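Chain IDs A, B and C follow the sequence of writing; residue 1 opens each chain.
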Amino acid sequence: MDIFLQQIVNGLVLGSIYALIALGYTMVYGILELINFAHGEVTMIGGMVCIAILQALLPAGSVPLLVALALGVGGAILVCMLLGLAIERVAYRPLRRAPRLTALITAIGVSIVLQNTAMLIWGKQYVSFPDVIEIKRYEFVGAHITNLQITIVLLALLLMLALLVLVYRTRLGRAMRATAQSPDLAALMGVNPNSVIAATFIIGAALAAVAGIMVSAYYGLAHYYMGFLLGLKAFSAAVLGGIGNVAGAMLGGILLGLVESLGAGYIGPLTGGFLGSNYQDVFAFFVLILVLVFRPSGLLGERVGERA
Amino acid sequence: MTPSWRRRWQHLKHDRRTVIATWLVMGIVLALLPFVTGDLLGRSWVRIIDFALLYIMLALGLNIVVGYAGLLDLGYIAFYAVGAYLYALLASPQFGMHWPVWAILPMGATVAAGFGVLLGAPTLKLRGDYLAIVTLGFGEIVRIFLTNLNTPINITNGPQGISLIDPVSIGGFSLGETQSFLGITLPSTYAYYYLFLALSLAIVFISIRLQDSRIGRAWVAIREDEVAAAAMGINTRNVKLLAFAMGASFAGVSGGLFAGFQGFISPESFTLFESVIVLCMIVLGGMGNIAGVVLGALLITIFPEALRYLGDLQQLSFGRVLVDPNDLRLLVFGLALVIVMLFRPAGLLPSVRRRREFSADESVLSQEQASLYDTRR
Amino acid sequence: MTHAAKLPTAHADAAGNSSAAAVLTVENVSKHFGGLAALDQVSLAVNAGEIFGLIGPNGAGKTTLFNVITALYVPDSGCVRLRAQMLTGCKPHDVVQHGLARTFQNIRLFANMTALENVMVGRHVRTKAGVLGAILRDHTTQAEEQAMTHRAQELLDYVGIGRHTHQLARNMAYGDQRRLEIARALATDPVVLALDEPAAGMNPSETESLMTLLTRLRSDGTTILLIEHDMRLVMGLCDRMAVLDYGKKIAQGTPAVVRRDARVIEAYLGGGFV
């Protein structure tokens, strides 16, 4: 019981991060029916850029901490938004009429390019997050929670709420939902699909940037390869919640985080020591496969049939 | 109006004497290749050609899955891993077993095909991109298991991998040592070359036969319109499983050969990027076209070696290596993927069918089905 | 145009029900999509050797019924039988195996295959060469391939597009594409041929040719189930018909009976026109 609560806490933190990344996948898939493989790399770049800015500004000592953080976060978000926009414009837009296989392969290509560019820029070693955050520990019914964890969860919640407001209460959100349901009809109603798609990518990228910063701050380091696994897990979360469904991505993210955390905590005792917590990464994949095989529409998605 | 050179090419293709002459020349070139290469460029290049042949086998296997049946498998390397580890477990000090190659390879093919069926049975009904992700996950799961199955019982020896694997031995002659044959000295890499060449040719043969067959047509039909194919009586699930299993079996065989050839394997060799590289070979070379796939495999295997010269060039010009060419390798692949997909999606040597599919804009049907803003095809 | 002599149906009563062998029976089929009843307790029986029409306003559930019959959809209740064989619960390819083939409302040809190849795919279900046969190309396989090619060419000639053998399906004229789809369905050696709006988009002369083809099919023994909106074709060709409206069958019988049925007229034209 003692690790249960702890794993719940860890799971919520992890899940919040997954949720933020999953939102980008689900929104793009909802409109374009394309898995944006590059999304995980955008997350990684968000973290890397923030660290780079912090590393540039802080040692001088002249820039106050909060300003540096603001610049770091802001800068990372800006870079990622531009990146997301560029990717859509250069790699995906020309292929909107192409067979799906083509777009998918292109997405993989973009992902590889981003990953290796990051490797060339920042090297193959782990990059440490500057030691600027003062970690305060709290005790809560036997579990340890840090201020960082609380910040992450609260911030993620805030962003998710903001996104829900955007999607369901604003003109842009209405346009996005319309385009996701039927691009032709939306276009006939005066919605510019290109603008909507661009907006989708930008918003998704911004969220990913924040998630990337959270990850690097939480684990204290970033690495050019971290986007891959993160992206895959976040995508699993999006599928779990129902791909194309915004609330689903949030739910799926949190759930996956919890499953992974609890699984990692309990897998040892459960399998009699045969499998250890080093199998943690496998959980996401199993969840993905199980969902796709048994309930492809996910938890909150609608069942989609095929009309002849 | 077909250009005159193309008409002449078509004519030549069928002219009996030209065909026979071409086969003869190709035969001689292939037979003498290792010796010529070894003398001109050095023995290490023959080793590179051996790896290229292994990749050709892999690429042709994936070609059946992606090129013929249109199923995007991003975890293909897992079948290669299965074949390799099976060989390693049955012919190395790991378990102390030393089975002969002719027993292991068929087993490798069968076990890999079995894994293919296992993976495919629940997942082949999924749509293209979902299938891609699921297979990717499968590939990763296999790799993670291979890395971790060293406790509590040591099966795969974990991240260190298995070494001292028995080299392939045919008729008592071990290909791992230099042999003498009819007065000619045959270094190990040369001997492997002939073995790999023979198997590659066999796989090419099988691929060609499959293409123009009832099964081949069924694969194309499924790729074109799966609902219509099922409505015409094709058991789409089984036909897709067949493609999966066949592709997997080719990977299983080449995996076993890889283990015997290199003498050492570890989970490092079976990452997602290996899957992507094999995919690159097909995509760049020409999906569905055997010659294109072979070309793609050759280009992508030789390319990093060419890059190495770039490193030497930097050394000469700048006194030191600014950018390790090896790091550039994947970056260039990624760029190549994107550029090819944007400008020549059918590949360098596209198959006739695929070129049609990618230029569907003129077709009557697609014009009628295309919408203002076509995101689904 | 004079109608080709229709096959005599034994003991046809006023409602057009016949005790001749029913080759396809639909029994109390219902299908709901969410809250919408696309099909509501629909029953009908198609007799051997007849052309049976299925008409009704748009959205009445005709294509849905087709999809249930061909096992693309699973009905919520009821079943479909081909002679004694239960079709409900089968996979789509099994339905073809048992002897029922269909065409689609929106023409689903294999666009980048030639006409010949399209029809040869139709032969798939009646042939059996596998991987081994493909690789070895033994005598049996070669003979089978030849037979397939031969039969495919025969069928292309039969439907009238023999000269387009090697033309890509997507480059063919619309009317020819419709014929090709029929040829492909015929390649499966069906007992019942289910055609979904085969005359859609055709001009009057193309429709005439289609009627000739269908009549010929019937006299050669194929039973045809037909969804159509073209009333001239339906009234002129069908032996019997059923009318669907909002998922329910509202009338059935010979064309003469159905065209005078008040409910049918109301369904198409709205009330107040009788």
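As a working rule, a contact is a pair of C-beta atoms (placed from the backbone, for glycine too) under 8 Å apart; a residue touches a chain by one contact, two chains touch by 3 or more.
Everything quoted here is computed from the prediction, not taken from an experiment.
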(request) Report back the single chain whose CA centre is most distant from the CA centre of subunit C. (result) A
(message) Applying the contact rule given earlier, which two chains have the most C-beta pairs between them?
(response) A-B
(message) Need the CA-centroid distance for the pair subunit A / subunit C, whole Å please.
(response) 49
(request) Can you check how far apart subunit A and subunit B are, centre to centre, with Cα atoms defining each centre and the answer in Å? (result) 33
(request) Round to the nearest whole Å and give the separation of the Cα centres of subunit B and subunit C. (result) 44
(request) Among the residues of subunit A, pick out those that touch two or more other chains and give their numbers. (result) 306, 308
(message) Two or more other chains touching the same residue: where does that happen in subunit C?
(response) 72, 104, 108
(request) Scan subunit B for residues touching two or more other chains and write them down. (result) 227, 231, 357
(request) Going by the contact rule at the top, pick out the subunit B residues touching subunit C in the complex. (result) 205-206, 209-210, 213-218, 220-221, 224-225, 227-236, 242, 246, 353, 356-357, 360, 363-366, 369
(request) Name, in rising order, each residue of subunit A that touches subunit B in their complex. (result) 31-35, 91, 94-106, 108-117, 119-120, 183-184, 187-188, 193, 228, 232, 235-236, 239, 273-276, 278-279, 281-282, 284-286, 288-289, 292-293, 296, 306, 308
(message) Using the touch definition from the top, list the residues of subunit B that touch subunit A in their complex.
(response) 66, 70, 72, 74, 122-123, 126, 128-130, 132-134, 136-138, 140-141, 144-145, 148, 151-152, 227, 231, 272-273, 276, 279, 283, 323, 327-328, 330-331, 333-338, 341-342, 345, 357-358, 361, 370-377
(message) Quick check on the complex: what are the subunit C residues that touch subunit B?
(response) 70, 72, 91-93, 96-97, 101-102, 104, 106-113, 117, 120-122, 124-127, 129-131, 133-137, 141, 144-145, 148, 168-172, 174, 177, 184-185, 187-188
